[in-house]
Amino acid sequence: MKKRRGISTTGVIIAVVITVATAAAVVVILRFDPTGKGGSGLGEQFVYDSEQYRKTDPNLIHYKELKPIETGLKVARGIAVGPDDAVYVAGDRKIVAFDRDGKSIAEIALGDPPQCLAVEADGTIYTGMIDHVEVYSKGGRRIAKWPSVGDDAIITSIALSDSDVFVADSGNSVVLHYDKAGRLVNRIGQVDKERGIPGLLVRKPCIDVAVENGKVLWVTNPGRWRVESYSFDGAPKRHWGRQSQEIEGFCGCCNPTCIAVLPRLRQAQSSHGWLITGEKGLPRVKICDETGCLRSVVAGPEAFAKGTVGLDLTVDSRGRVLVLDPVAKAVRVFVKKDD
Amino acid sequence: MRRLIQFLIVLTVSASVAFAAAKLPTWYNLPETTTPAPQSDIFEYIDVAVLAAAMALAAYLALKRRSRRGLLALTIFSLLYFGFWRGGCVCPVGSIQNVTLGLFDSGYVVPATVIAFFALPLLFTLFFGRVFCAAVCPLGAIQDVVLVKPLKVPTWLAHALGLGPYVYLGLAVLMAATGSAFIICRLDPFVGFFRLVPLGKWGQAIIQDGSWPGWDLGGRFNLLALGACVLLVSAFIGRVYCRFVCPYGALLRIMSRFSRWRVSITPDECIQCRLCEDACPFGAINKPTRRKNVSRSEGKGRLAALILLLPVMVAVGGWLGGRVSPALSGRNPTIRLAQRIRDEDAGKVKGTTDAAEVFRESRRPVVELYEEASGIRREFLLGGRLLGAFIALVVMLKMIRFSIRRRRDDYEADRADCLACGRCFAHCPREQARLKRIREGK
Amino acid sequence: MNASGTDIRYRASVACAVVAGAFCVIVCAGLIQNYFHSDVSDPLDSEQFVALKAKLQAYPDDEQLKSEVRRMDLELRREYFRSQAFGVRGGWLLLGGIVVLLVSVGAAVGCRKTISAPAPAGDQELAEVRAGTFARWSVAAMGLVILGGATALTFITPTEGFPTAIKHVEKPPSLVVHFPSDEEIGRNWPRFRGPGGLGISAYTNVPANWNGKTGEGILWKTPVPLPGKNSPVVWGNRIFLTGATKDKRQVYCFDADSGELLWQRDVTNVPGSVAKPPVVMEDTGYAAPTVVADGQRAYAIFANGDLICFDFAGERLWAMNLGLPVNMYGHSTSLAMWRNLLLVKFDQGGEGEGKSEIIALDGLTGREVWSKPRPVPESWSSPIVINAGGRAQIITCGNPWVISYNPADGAELWRAKCLDGDVAPCPIFAGGMVFAVNTVAVLAAIKPDGVGDVTKTHIAWTAIDGLPDICSPVSDGKLLWLMETYGTLTCYDAQTGKTVWEKDLDMEFNASPVLVGEQIYLTGIDGVTIIIEAAREYKEIARTDLGEKVYATPAFMDGRIYIRSEKNLFCISDAKR
Amino acid sequence: MSEQKEQPDLTRRDFIRSGVRGALLAGVGAATGGLLARSRSGDTVWQIDPEKCIACGNCATYCVLKPSAVKCVHAFGLCEYCEKCFGYFDLDAPDVETGAENQLCPTGAIKRRLVREPQYEYKIDEQLCIGCGKCVAGCGQFGMGALFLQVRHDLCINCNECAIAAACPADAFRRVPADKPYLLKKKQ
């Protein structure tokens, strides 16, 4: 009680300690960020940064985008061009068709969710379900349902020639060659050391097939970052492509995921064997010539939503590149800038 | 925005598609992902049993045995067991939030052990006073063992700061009831310490597979810093967290006020020797009242005025609480997200946040988010009004209490404030006499 | 009291506490220094290292640079682990120090602890009063602080609300296969000629007198936008009709109580729909086939092969084109349903061309469930679905076969060769017997329990009097009536095939007769309806005139008759408006 | 101030007190009883839903423990054993070999081992992993998503409210039954 009058040193020290500690506690509490507003506070080294690859040199982009066609689908899987440049899109449990101006012209109800489709010149539609192919008349009536390819099958693409149907089975890493009646003729792309076929390698179901000039079959080999061509009897012809995040290569662990053959447009331009390829990871669509040399970028990663997986693309007779964007659920239309 | 989202999987291809994995050589055994099991929930039931036993023991030691030494030993045991072994979770203090959320959200299931942790100390307090605070609560224990030189906090200041627990309790209940946050857990100052020495981790590793996980220490710097500050203060101001912050303490105070039995300073009768006057480091000893010539009419007028003022202040508090509710609702993640989205869309803020980007990627309609947010805002409006009214009520009741002069003839431990720590026993000459009798009796 | 002993202990404790305290301070300082030195947990966040890596990007093949990066990486990591180990060791030392400090301070305080003598009590009463006042004021002040803080908070945080909009509720698709019960079907008029396609009304309380000109007995009258020969179909309070011209096809839904046109939908955007109009006769038109409804959806087919499905709300569910029918009058076979299956009898082409077929589609999705080719050329007769011989059967008429199918899988059950010509009247089923008829052929009574070709075994009798070419027969199981287009009504004994009576009504008929209890309603093209007794003798009960041309068979519901005239849809009811 | 006057006063107070005590007892009993009736004894623990996780890095720094109880785990069944693993190699790695200049993980916590050309096994050294999620982002963006973050329950002390959950921008944390404490990615 005596101490009350004089101020002892201990008292002062204790008062200071208490004040400092209280102030420090308040500061610490204010520095708390329980809601994570301030981010993780980790250094740059801990941040995965792929932004630099998500920008494309504008000089490489020779295409411009027109108004997209909204498909109205919840899940958009495959795209194909039919007679009169009509655009067919498979998704949900139906196929929707649009005329060349993007006007809806037809809707066909399907029993199963389709994965891909191809349309013949007479309007007959071949659509791949997970494990089997169904054929629909132009009017939308089912003409045929081919037997299941097998339990492991994941059909991801169909391509047609005059008398053949090529079905890409990503589940078994093989392209199945059928005739128009649904009889299996051949299996293309299986490992064959003698013929120098390394085999198709896929890590996600994304093998795509395309037919060039009714004679050559093009197949993506995403696990090896390349595209391969085969004659219809299964003999390997050519291949090109390499892994690279740069625009010249195929990015990620498994690309390209889709291809289409660029039709020969003008006499002057030799676009024989030119392919349009689409990738995931860094979603981008580009055109390479017969040697695999980049000729043009149709759309760079900035044109698509981040994480876009499952693009499909096709080209119509006017050379418009039609890209099915599964995130926007729309057909993105790209035309050459000078057109 | 320093760090944008780099990474969003759009499941378009893989959805509903079975896909075979890599074809590996046959000799290769696919490694299993190791998945160490969590602590068995048997431990939780053991914890409940230990809690009950510890409180029973504390009640015995404080009320019957009157042993400060025993209580201290129990305090250290509780600190080791509930603090360092269990990591300070779940404690009764935090369980307030679980129980609140359980009462307001029928979809939230409160585990039985948490309910037991919430209810047992309350029930014990209702019968034996705050024996839980005395020697069982690990938060109290850690402050108790570092209490070196208790200073007297002036009573008026202690009373003013005593509002803290009620405000904190109200806020915590509001946040928990609206499902916004468990703020008590977020601001718990001692978890850092409890987790610094990972007794539980060691024990678990040894029990489960006989391994020794190493001498590593855990705990975050900021948590440790907060804990260190609080401990430093509580070296001089006894149990600063318990008295001026702890929301569970507010509940226990209410219970303790009506407890069946309680700690008494003297074992038999008070001889008014005044030796215990300064014995309590927590300022919980009340002196006897002496009323002789104070005019009661003055006090009566004030009391009447305060009682009349009570409903007015409660209404004002409620109104103000409603006004504050939008600010409080900012702690709710949904509200925060909705505000962010709204401001981004209105161009009020630049860039985006991870949460906003995730929301946009989810393609959930914004209107739905806004509606949900508006709903939560309405809950907060109601909750804020109740909170404001509650705080006003507490303030007014406290003021009314100080205007009523109670008659007290002896030195007594305050019913609400007494933590049953038993420090005052030794100060009482009657107790000394009792001890002597016991010694001699033996 | 051992003062000196206590003193020594006290001093020792204090010394110990001071040493422990100093130790703690030093360790603490070291730890803090270490913490800020190692900075969070990022060993590679060294500027030098980052620069080195960036340089390597520029010269990816520089081996020396690579080894430099590796060396530095190793060094940084070693430093990081060293610092971590330091932190752990320091932590333990600090903990030990704190424990020693606490114990020694506790001991020191314990030594000095004396029960101090209480200070002299001053004016206790005054102190008490003052303490109460102080406490009151401090609590009040704290309350004010809270109040002020809260008020300040209201000013600094925005209270802006959230924009609102009307919530769009998407209805979940129903995946359960649902089809109406026989009882539900019986209460409605779901297809051409009512439940089962037999031309028998379930209700007998229908009006017998009306006048289209004066409006007497007419509850409402609503114009139908496009022409069509199809008959009204009624389910609950909805009436379905179709109308079509050469290049336009529509489906209508009317409200049965008010006659209001609830919705009308253009049939466009059908995949493969042929722009070229089909060849039709004026008798038939472009919308001859009658709609079928199943309580949730209505299905319509048109002369060009467009087949479409709407739900009752008018939402289009699916559509397809079956191909332009090769059919000289125009396609006019009405649709039928069995459970959830929509049955399309699609007879076309000439004899032996093999173009005809019968198709069953899943009503919900339009997916084909089965289809069977039919060995008949084009025909117009609509199929019926019956339960006979312990099984469900689809009965179809063609030239020359009457064929029965299993509706579940399309398997043929039996066939009988008895018809000829352009078959238009529908078959009926009465008294356990299937009756098929066509002009130029016969009226045949066929027992429906056979298998395979039953021509020789199951035809009970045939007759040739008064054979119709458009109107379908009607029978109560005992008697059977045939209505010939030019008004000759023939009554047969259904069991024996004997002609009971014959009556020339001197009117033209396209609509088929309908049996309503003990009476038969006969509606002629000129709009006159004759009501006769369904008895072994001809007896006319009433004759009433709509005043407009009628080609379609009326629909009979509870207390009401719905008649489609050339331009309008009438609801006839005794109940006055 | 006689004894007689005191006596009834005290008993009245005691009476009120025991009344209130009874009321409080009933209140606590009702609340806990109601909750107990609903509570199922099944224990729950915190876990990250890998489908929601965006690998933002908060797990590394918001855990009350240091190092964090969240670590990267590897679902080997999903892994394609790529030679160029995007969880192992830096995006702009100059080469496809194990040199420090190529590695993505800032703490060097991923170990690479040849299985058979061109297949490589990648294993997480959990002693080194701090749960920053950098490899998770790489594998998710370009690979199979076989690397993902999980709460390791030998480390986690199962806070009442997980501090990381409160700070998770993707709302990826949730309580799961303790007998199924992991949400591992599986072959779909």
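Here the chain labels run A, B, C and D in written order, and each chain numbers its own residues starting at 1.
Just so it is clear, a residue touches a chain if its C-beta (ideal position, glycine included) is under 8 Å from a C-beta of that chain, and two chains touch if they have at least 3 such contacts.
Here the structure is a predicted model, which means the values were calculated and not measured.
Distance from chain D peaks, on a Cα-centroid basis, for C. Here the chain at the heart of the shown protein, by mean C-alpha position, is D.
The distance from the centre of chain A to the centre of chain D, with each centre set as the mean of the Cα atoms, comes to 33 Å.
Centre-to-centre separation between chain C and chain D, using Cα means, comes to 41 Å.
Note: centroid distance chain B to chain D, computed from Cα atoms, is 23 Å. Between the CA-based centres of chain B and chain C the separation comes to 53 Å, rounded to the whole angstrom.
Of all residues in chain D, those touching 2 or more other chains are 55-57, 60-61, 66-67, 80, 92, 106, 137, 141, 163, 166, 169, listed in ascending order.
Multi-chain contact residues of chain B, defined as those touching 2 or more other chains: 3, 5-9, 11, 14-20, 22, 149, 181, 186, 221, 333, 353-354. Across the assembly, chain A contributes 34-35, 39-43, 45-50, 203-204, 307 as residues in contact with two or more other chains. In terms of inter-chain touching, the protein chains here all touch one another pairwise. Chain contact summary for the complex, chain D toward chain A: residues 55-62, 80, 82, 84-86, 91-92, 104, 106, 132, 134-135, 137-138, 141-144, 163, 166-169.
Contact residues of chain D toward chain C in the complex are 60-61, 66-67, 92, 94-95, 99-101, 106-108, 130. Those residues of chain C that touch chain A in the complex are listed here as 40-42, 44-45, 50, 119, 269-273, 305, 317-323, 362, 365-368. Put simply, chain D touches chain B in their complex at residues 17-18, 20-21, 24-25, 28, 31-32, 34-36, 38-45, 51-52, 54-57, 63-67, 73-81, 115-116, 119, 121, 123, 136-137, 140-141, 145, 152-161, 163, 166, 169-171, 178, 181-182, 184, 187-188. The touching residues of chain B, counted against chain C in their complex, run 145-146, 148-149, 154-157, 159-161, 163, 167, 196-197, 215-217, 221, 273-275, 277-279, 287, 289-294, 317, 320-321, 323-324, 326-327, 330, 338, 342, 365, 367-368, 370-371, 373-374, 377, 388, 391-392, 395, 398-399, 402-403, 405, 426-427.
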